[in-house]
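The next block holds one structure in the form of structure tokens; read it before the comments.
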Amino acid sequence: DFLHALNEVRPAFGVDSDELESYLTMPLIDYGPPFAQILKSIRMMSDMVRHSDVTPLVSVLIHGEPGTGKTAIAAHMARESGFPYIKVISPEHYVGMSESVKVNKIAKVFHDAYRTPLSVVILDDIERMLEYVRIGPRFSNPILQALIVLLKQRPPKGKKLLVLCTTSSKALLEELSMVTAFDTAIHIPALSEPKYIEKVLQSLEYYDSTVLESVVSSFRGNIAMKKLILAAEMALQAKGQDPSTTLVQELLARIREFEL
Amino acid sequence: DFLHALNEVRPAFGVDSDELESYLTMPLIDYGPPFAQILKSIRMMSDMVRHSDVTPLVSVLIHGEPGTGKTAIAAHMARESGFPYIKVISPEHYVGMSESVKVNKIAKVFHDAYRTPLSVVILDDIERMLEYVRIGPRFSNPILQALIVLLKQRPPKGKKLLVLCTTSSKALLEELSMVTAFDTAIHIPALSEPKYIEKVLQSLEYYDSTVLESVVSSFRGNIAMKKLILAAEMALQAKGQDPSTTLVQELLARIREFEL
Amino acid sequence: DFLHALNEVRPAFGVDSDELESYLTMPLIDYGPPFAQILKSIRMMSDMVRHSDVTPLVSVLIHGEPGTGKTAIAAHMARESGFPYIKVISPEHYVGMSESVKVNKIAKVFHDAYRTPLSVVILDDIERMLEYVRIGPRFSNPILQALIVLLKQRPPKGKKLLVLCTTSSKALLEELSMVTAFDTAIHIPALSEPKYIEKVLQSLEYYDSTVLESVVSSFRGNIAMKKLILAAEMALQAKGQDPSTTLVQELLARIREFEL
Amino acid sequence: DFLHALNEVRPAFGVDSDELESYLTMPLIDYGPPFAQILKSIRMMSDMVRHSDVTPLVSVLIHGEPGTGKTAIAAHMARESGFPYIKVISPEHYVGMSESVKVNKIAKVFHDAYRTPLSVVILDDIERMLEYVRIGPRFSNPILQALIVLLKQRPPKGKKLLVLCTTSSKALLEELSMVTAFDTAIHIPALSEPKYIEKVLQSLEYYDSTVLESVVSSFRGNIAMKKLILAAEMALQAKGQDPSTTLVQELLARIREFEL
Amino acid sequence: DFLHALNEVRPAFGVDSDELESYLTMPLIDYGPPFAQILKSIRMMSDMVRHSDVTPLVSVLIHGEPGTGKTAIAAHMARESGFPYIKVISPEHYVGMSESVKVNKIAKVFHDAYRTPLSVVILDDIERMLEYVRIGPRFSNPILQALIVLLKQRPPKGKKLLVLCTTSSKALLEELSMVTAFDTAIHIPALSEPKYIEKVLQSLEYYDSTVLESVVSSFRGNIAMKKLILAAEMALQAKGQDPSTTLVQELLARIREFEL
Amino acid sequence: DFLHALNEVRPAFGVDSDELESYLTMPLIDYGPPFAQILKSIRMMSDMVRHSDVTPLVSVLIHGEPGTGKTAIAAHMARESGFPYIKVISPEHYVGMSESVKVNKIAKVFHDAYRTPLSVVILDDIERMLEYVRIGPRFSNPILQALIVLLKQRPPKGKKLLVLCTTSSKALLEELSMVTAFDTAIHIPALSEPKYIEKVLQSLEYYDSTVLESVVSSFRGNIAMKKLILAAEMALQAKGQDPSTTLVQELLARIREFEL
């Protein structure tokens, strides 16, 4: 029980390193200028928190289609900041808890942050944290209210906090009057150019350049990073089981299935 | 009590063999190419989980009209996988439990899976697990939210998990924004060709070929596997009680009653 | 307390004889062919349960207007089956219980059945069990969900179960997506022919044939069995108190009041 | 505590005499034929319960505009029956209780009745018992469901029960699918004829015949019994305080204010 | 604790004098005939309760725009009655209580009244007691139901009760089917005539007659008593701080701001 | 525990100085006449409370777009009053509490105020206190009801209370019928004139006059005080990281992004 309690207490301070790593099992692929621009924008916010006394709290909304890489980018930027307190609030840790327990657990992460000079809080997948479902719509109003308040609450004198939140639907947050609680919003786009797709497939090192060229010359459309990686994997598997098909056929079929 | 506790603990690890057998009391009938294709598609997913490190989690949505054989197929493929951890989440075991107990019981199945290198979780009859009813609609949002999170949660490093879910209504899951939580979806069709129906009736061995021919030549329509088997049974019973009728008449009457 | 406990336990196994009798205080009146046909159809299902191994579970929906005799017929057929386990789930025993207690009590009846080779469960007046009311509509979703699951749950190997359910509104069960949980549905009609009404009144032995003839020749319409019996009773009482009226007048007045 | 317990138990059996008297502080005024006819109809039901074995349960719905005398008539007829068990279920005794306590208290009244050969249960002001309010509408579904079941539940062999229910809105009970639970319905009209109004005012003995004549010749309309009595009282009071007005003027003014 | 208990018990009987005084910190201003007429009407009801045995319970609805003086008038008339039991039910004493505690506290006030020969219960600000809000609308149905029942419940033999209720919206009570629970309704109008406004300002003694004349000759409209007093106060304060304005200007500006 | 209790009790009386300071980390910028007028209006209310006996309670609604400075102004005026009891009710202290705890905590602040001769209560961000969300809309009715009652409840004799409430949406409070609970309303506008914006930027001392002139001559629109300060900060940071841009460009870009 003592060990268990210890375990409970440990991650309250310091850095959720294991968790950050779990979102970054592969290095981020630099597929081109939009990616560089995203990193730069978030880095600017992180620097402002570090250096300015007038803005001790900056909250950033990272939004984009499912699987575009929001969580990986938030984790990457948090790690890069080198801040001494980095904590992840993710729906996976809140499964099966009551609304009030969730609210208190979320508030605790913020209140712990207020005790460190420099902190990052990642609030991953807001719609899941809110238990949002389109029908109704239904969502947890206590959690929503707590988040709006916490996102606006200035840390005490001398403490600084960067909040990185991810969501698949900025429109939904507008519907919930939550967007005004953020200082700024950054969009993570799907892969929209053939050359970006080519770059990603290249760096996976599964396919030779002729396959890549065929695929890239045949597909015009958007696909999310996570789906493109899955498509590459599935095509390999399918080809392995069925000699009558080609890698190009299989890969194109999956990419088209996953097109946004 | 000790034995009872033991019993409670036992199925947490290992394979729910009894349960799988209960869904497979008769061998699956190979009625033709669509059936073979279904098995092949699911097998590919199961192989990808086994072999790829990039996709340690694959979730498959098995959908089709009531009685088409979704549960039997999921059970068959799970057994075929030979994975050391196979667990069934089925509404039958959750009757009368509170929402929060259900969520915790479901989460436990997944968390136990994370402790085995290779696992299959069958999530049978999602709409019943969600306590969904069209009027309202009403459903358990805590269960829905937990499922969406669990279906996307990557197992820890080195662990792999295949999730097979069945539902009678993919449209309903779309309404609940749950479809995007699946990596792929496989459709189980009703029996739509006379020759498929003939094959099934043949393998039941109740009727001689003249009866089969008459029935098959008179019926054009779709019928679910489970209903066809019930129709065959009822016709036999009705004929047994009423000498003034013929097997063909009785069988056709039932099949038409059950036509989709 | 011991006796009380005993009493509580006793009806879990065996036959709810007292309860069956209470629904059958008068012998069923054989008013003609539709009645015989109803009994035959239910008997066929009961035989199929008894004899087939492929269909160890058969669930029958007995539906018809209020007072047409659904409960009496279900009780009659259960008794006739001679099965060693016959249990009645009726709203009268559930008044004032919480939803969860109801669900557990219902589930217990089914689970007890799974321990006997041959069982009948009568589920009387589904809309009352569901606490259904048109406005809203409101109903107990936990009870609905439990019923759908229990109606489809196959008994363990070697056990067989016939479920007889009654409802005044099949349409309502369709609205609740509950009809697909039944294997078959049997309609109990109101008395629709003069000769059926005559037969019923005759067997009550309150009126001589001239009264019957007058009534039967004047009334064209449908009336439920229970209402016809009540009308006959009320007419007798009214005539007894008022010499200025005739039995025919009184009887016709009541029958018309109760016409469907 | 013993006395208190005794007190609690006492009214369970026997007759709620005090309560009946409180509804009958003045003798019912026989204002003419409709009144006689109402008493006769209810008396017939009460006799049928007493004498017939086929109808051991009769439930009567007494409905009419507010203040027409429903409660007084039900109390009067219950007392007249001379049955050994007469119990009143009235919203006044249920203020501030939870739904489940109410349901159990109501059910207890019926279950106690089943232990006496001849019983009357008065269920006064159903819409208040149901906590009904037009907006929504809102009402207690557990109470509604319990009432529907209890109104249809046959007493055990050899026991007989008359249920007298009052409501100001039969239409509302139809909306709630509750009307079919009654065997018959009796309407209590407002006072609709000048001669009925005259009869009532006469029997109050406040006014001389010239006042009565003036009033009766000037007013054409409906008024509820209770309101007419209140009007007579208020006119007297007003005249007493203001010499510049006449009794006729005051009485007419009040009657018109209260006209339905 | 003993003292506390005593304190809890003390106001149950007797007169809530402090509370009445708090609503009557200034003497009521006799601004003209409508005021006199209101007092006379309520006094008549109070006398009827005192003198008649046929109407031991009279409930009066006092309604009018916000701030017109309803509470002050109810308090004044209660005090004037000289009844030995006068109790105020006011939302201020119910803040933060649960619905069921509120209902029981309200019921207690009535039940205590039934033990005194002559009682007044003031039920102040019904919409607040009901926790009514237009959106939805939402309100406490348990409190509504309790109030309707308590407003109609006759005191026991020999006890008499006058109920004075205030509301800013009779229409709302009609929506809630609550108006029929009252025996009579009295309207408190806003100040609608220049001479009434003049009379009120005069009696405040802040302004000389020239100011009054200017104001009264310039304003045609309705204003509530409470707002007129506030306007007079604010104009004085504003003038005191700003020498460049006149009292007439300031007073007119406030009165116009508060016009109904 | 004793210390903890002490700590709990301490802020009940006296002044929430730390909290007031936290809202006033920078001195208020006097950007021109509208600002002076706002302070004057609130000061008049505060003086009226101090000096008049007829208005011992004055409640002021301070409303304006997000970030216009409502909270800072309320804090400033409360501090300026010099009243011995100044207490802040702010959503930050209520995160994760149940509705009933919130209501009681709010009521306590008011009841403590009634024990001091001169008090200010700041009720900050009413929509957050009400847990309001547009969808539905949903909000805490118990908190709403308590606030309406507390805002109108007169302090006991000899005690005086000024209530300053802030909200971003007066329209919303009208929807909730809450506006009539206030004695007066004061609007805090966004910065709408170039010269006001210039004044604010000047006082920040980040930019030289040529930058200010360029910005002010290019922008016509409204911006909230808080956003203008954030824009100034972000432009500085952006320019610091990117030599290819100018301060004027960066500042204008942010101001336009934040324009109302």
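In order of appearance the chains are A, B, C, D, E and F, and numbering begins at 1 in each one.
The rule we apply is simple: a contact is a pair of C-beta atoms (placed from the backbone, for glycine too) under 8 Å apart; a residue touches a chain by one contact, two chains touch by 3 or more.
Please read these numbers as outputs of a predicted model, since none were measured by experiment.
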Separation of subunit D from subunit A in steps, with touching chains one step apart: 3
Interface residue overlap between copies subunit E and subunit F, same or different (over half shared): different
Centre distance in Å when subunit D and subunit E are each reduced to the mean of their C-alpha atoms: 34
Cα-centroid distance, subunit C relative to subunit F, in whole angstrom: 67
Chain centre separation in whole Å, for subunit C relative to subunit A (CA means): 58
Shared-contact residues (touching 2 or more other chains) in subunit B: none
Chain contact topology (line, ring, star, complete or other): ring
Round-the-ring chain order [start: subunit C; next: subunit D]: C, D, E, F, A, B
Partner subunit B, residues of subunit A touching it in the complex: 22, 25-26, 66, 91-92, 95-96, 98, 128, 131, 133-135, 138, 229-230, 233-234, 236-238, 241
Of all residues in subunit B, those that touch subunit A in their complex: 40, 44, 47-48, 51-52, 54-55, 100, 103-104, 107, 137, 141-142, 144-146, 148-150, 153-154, 156-157, 175-177, 180, 183-184
